[in-house]
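What follows is a pair of complexes built around chain A, which joins chain B in one and chain C in the other.
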Partner chain A sequence: MSGSRRQFLAGAGVCACCLPAFASAKVLDTGIEAVIGPGYEPIDQDERGMWQSLERLEEAIRTSPKRLDAPKFDAYTRGVVERLVQRPVPDLRIYVIHDAAFNAAMFPNGMMVVNTGLAVRIRNEAQFAAVLGHEAGHYFRRHQITQYRSVRRKAAASAFFGTLTAIAGVGLAGSMVDVALLSSMYSFSRTQETEADAFGIKLMARANYSPSAASEVWKQVIEERKASAKLNDKKYKDASKSAFSTHPATDERMVDLKETAAKLAEGGNFSDHRDEWVAITQEHMPKLLEEQINLNDAGASLYIIENLAQDGWTGLLRYGEGEIYRLRAGEGDADKAAAAYATAITLPDAPSEAWRANGYALLKAGKTEEGRASLNKYLELNPGAKDAGMVRYTLTQ
Partner chain B sequence: MTKGMKTMNMRKRIASLPLTLLALLPLTYMAGCVEGYTLVDAKQTPVATNAYNVQPSTAWNRMPKYFSPTKFEETWTHNGPLLDSLAFIGGLPEGQALIKQTKKDEKRAPLFRADMTPQDLASMVEASYRIQGITVFNTESVDPVDFLGGKGVRVRYNYAPTDGMTKKGSAVLRVVDKKLYAMKLEGVSSHYYDSAVSEFDLLVSTATLPK
Partner chain C sequence: MPLAAVLLLCVGCVSTATTQKTSTGYKPPSGNYKVIVMRPDIAASVLTAGGQLEQREDWTNQARENVLDALRAQQELRGGQATVTVTSGDDPALRDLNRLHEVVGQSILLHKYNPMAQLPTKKTSFDWTLGKLATDFGKSAGYDYALFLFARDSFSSGGRVALQGIGMLGCIVGVCILPPGGSQQAFASLVDLKSGNVIWFNYNASAMGDIRTPAGAAELVNRLLEPMNTEPKAKKKT
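Then we have the complex of A and B:
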């Protein structure tokens, strides 16, 4: 995908992981309504131009090798959106993209992009609905066209800053200006983000999704970032609090959504629909976790695993925990990995790879017989494994 | 133009020549510093700072050092790095990564350790790609392979680069005297990888450590 497309996606998707800056918690105005109906078509020249640009972007996404071909998940996502808006959404087209970043975006021509990095962090359907409801807010309130016109006005400013920084030859300062401009050009305003939050949480409550799931999502985002920063000896910093940010600060957003959810939840009968979420995502979870874990950001990955494990440890999660420690390979990590693998294989849903990892951990610890037994079990469970040749060779040594 | 004017113009040009040459001098100097591609003949050749020898059957182009992420790596190509590349890693010591990193990076490249299992070596290859922004990486197989007089690990994989067409790759790794020795071929899936892989196999099987 080209740089510009990536930036556009990143900017548009920032709404799912960014942030406004208001001083104290407030209950959001949930009285707002959709301004477009089914079968909406662009009206004026600006909007038609934007749709044409999006057609090119969509074609690139449709044929991208980064697309996860998951028709069941696409259909499920459509179902969640339809439940939220309480009507069929025939124009909606869903694309799941392999990208470990927490992100999703809904575009005005009906294209919706969901990152695998979003799916791996979500605990239940209500949390998924919180993100989709927010994105639907941008779509049904026609935020994009407003922002598109703003972009066109800022194009001249972009050229100005580009020339200025080129003359000055200040690379770092130059990229800072670019990033700031791009984020303001391709993302929504703070007001729009707040409005999308309000619209989304209203849809959630109406569809009987626990409205508190929206603030839970942001809580997870904040805690994951803090966990990552802590293990990297860094100070957690909310980038959305910068003067350049177009988004509400994450913590303030979380508090506002929590306050609003408390009001909406009065007397309601809500559910998080976790079983439905687990049923639809479980076939993809091994790959999604692998994508995250192999980034070797141990703080973030451990947080994600432990957060998911609040609903109960599974063999897959324990195996994932072991993989995080094995890959980090810091002091004491080999023992932690070995312990996690040893637990994983006692759980009924452990992936076959847990037996392989357990086997190698035991061999490293000098427990040859147990290690060989575990590797043999791996081959028994998965005789056609991609690394069966290497494991068989190990067993001959 | 009169003859006198022509003469004057010529004099001006001659007078300004030293200044022009002076202005061009730094460029010439800089060009001399810029390392270019060099030809590798089809004969026994030491690679990765003489870490081991290989015997190519065709000529290759040795890429400038700035293409290599560490000083332990040397890279060749047939058709340019966007289409194919062949890397040799020689004597990577413990505690070093396959890729360059800064202290600020949150995603940490796995560090080589002499006690890495085949599973660890395969993970190190995958993580090195993912950390650099590759979101689609598929391991196709992990097998034993003869390399540098002993048994190493061969990982076959494919991945979607951040820009461009899907690539296929093969990495062969072996730990010798607590150091990592490796070879890696990658090329665009359609044509370029397949046309180079038999040469890669030959290079792997004939690679020798210096006596």
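Then we have the complex of A and C:
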């Protein structure tokens, strides 16, 4: 049922020339409420069928080897949603999946999928809450079934009108109506996305999360895409600017959310809860960064790391920076990588791999003694490493 | 409902197509053997006026029960010691096998039954396998064969029938637009758990039949599985 899948981001590129759209910024209507309560079960046949058709998919996701094995992070994610909606959410099932793409998806039956690629781009709990609040909005406002019914109605209208006009010999009229109906389907979808944005940001403010975190997330997305485009020497444009996009234009969303946040933030006492986010995610961060870095999109990866480093450089981030350059292996990248590794090992939380990488980089540069010392430090920190034998062999040379 | 009667006649014109595929040297299972019938993948839907398939929970549940009953009855007629097992999907051994077959079964359907999607290396051969996963399962669970079944059945909504009616009226003035009605698509495959290979496969598409009724489910199961019992005739190369 791909039609029921709601994506937080449609995978759009963004160009700098789109930015003048700022003038149209509007404050979102944050007066909307949830339309379903705890323990909601559908009654109507179409909605029951929709839920049933998702059973196999959910079973596959639940038992997927791609799931992040992290019960604590699962519970934490649930906790953030509960804080947002201010009640327990036994009706939501949350699955974190290893996927480096920036995405989260809410299914109509209460299944929520969060990609690791989302977590790796997030700086604090408030930003995480911005995404979860948006996704929860689709569920609590029953967007999927409403959308499905609207499409069903319009497809039927199109079928009848198309048949009648074809019989009457005015087939062209039928296809014009088709285009209008199709465009209205997408417009309906964009309206729902805007509603989910509004619902999410309202929940954030109510739960004392900095509401500005929502527009920050979009700002990061836009900047990351630009950085990626620049280093790949490509021109990007925002695919969500089309009349046939399911999502509103990324820059417009960012600005609307920013305006709305400014209004909501008046006189409030908000926090971004960064410490909680770091405490729960730090054990997973090495793996999440590795997934991103292995995409070998240096522009995006460097942006992500530098964005996270706004809260302070860590040994892990510096090591990641070195890995990005090492993987890209362009002109001068070896030196940049070596510099990053050398900085990484001066930081208290450097992963043991940083010592190994630093060691090899030094050996390559002819600094034998320092290189050997760094490799020895790696073995000392990680005596059971899979490649310990190989490193010991290097040391005998 | 004269209109519906006219439509039924028309739908009746569409033939039922069944074509089985077998691995080289296929011999129907015989003697004393054990078959595990995996959880059949069944759904029954409404075909809306606009052409969407809308799954119906009550129909699907009914169809699933009917197909299971029909499978039990059909397998009991075979001499072997057949066991019908319904799995929830959470038993890891069955779960992985089910999922692997889902992919392999759909690949066979695509590449063997769609002439546009033939694979150059598999034009004349039929050598799909579930590999070690299947042989390991057969060994540990003590089964000789695993049987998989997939079925989708759909039925026109009132709106769809009305749309077809308008299309039929168009035929009178010479503009014939006949949107298709509900239909049935199903396939079954037999995996030899000693080799892990898919040794027999059958696909059936029909504009008739109704797996929401016990008789309709029995008819589908028999039509789909009956050819399994006969050794394919040696075919001349065409």
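One rule holds for everything that comes next: the second predicted complex is superposed on the first by the 333 of 397 C-alpha atoms of A that agree within 3 Å, B and C clash if a C-alpha of one lies under 4 Å from a C-alpha of the other, contacts with A are read in each partner's own complex, and residues count from 1 in each chain.
Methods note: a contact is a pair of C-beta atoms (placed from the backbone, for glycine too) under 8 Å apart; a residue touches a chain by one contact, two chains touch by 3 or more.
Predicted model only: the values in this text are computed from it and were never measured.
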**Request:** Check the residue A:R356 against both partner chains and state whether it touches chain B (first), chain C (second), both, or neither.
**Result:** first
**Request:** Between chain B and chain C, point out the one touching more chain A residues.
**Result:** B
**Contacts of A:R326 with chain B and chain C, given as first, second, both or neither** = first
**Request:** Could you look at A:K364 and tell me whether it touches chain B, chain C, both or neither (first, second, both, neither)?
**Result:** first
**Request:** Using the touch definition from the top, say if A:A300 reaches chain B (first), chain C (second), both or neither.
**Result:** first
**Message:** One more residue to check, A:D46. First (chain B), second (chain C), both or neither?
**Reply:** second
**Request:** In the overlay, answer first, second, both or neither for which of chain B and chain C A:T63 touches.
**Result:** second
**Residues on chain A lying within both footprints (that of chain B and that of chain C)** = none
**Asked** For chain B, which residues count as touching chain A in their complex?
**Response** 104, 106-111, 113, 115, 117-120, 122-123, 126-127, 130-131, 135-137, 139-144, 151, 153, 160, 162-163, 166
**Asked** Which bits of chain C are touching chain A when the two form their complex?
**Response** 41, 43, 45, 48-52, 54-58, 60, 89-90, 92, 95, 99, 159, 163, 166-167, 169-170, 173, 175, 177, 179
**Fill in**
Contacts from chain A onto chain C in the complex sit at residues 45-46, 48-53, 56, 59-60, 63, 151-160, 163-164, 166-167, 169
**Request:** Please give the residue numbers of chain A that touch chain B in the complex, ascending.
**Result:** 1-3, 6, 64-66, 97-100, 116, 228-229, 232, 234, 291, 294-300, 323, 326-329, 356-357, 360, 363-364, 386-387, 389-391, 393-394
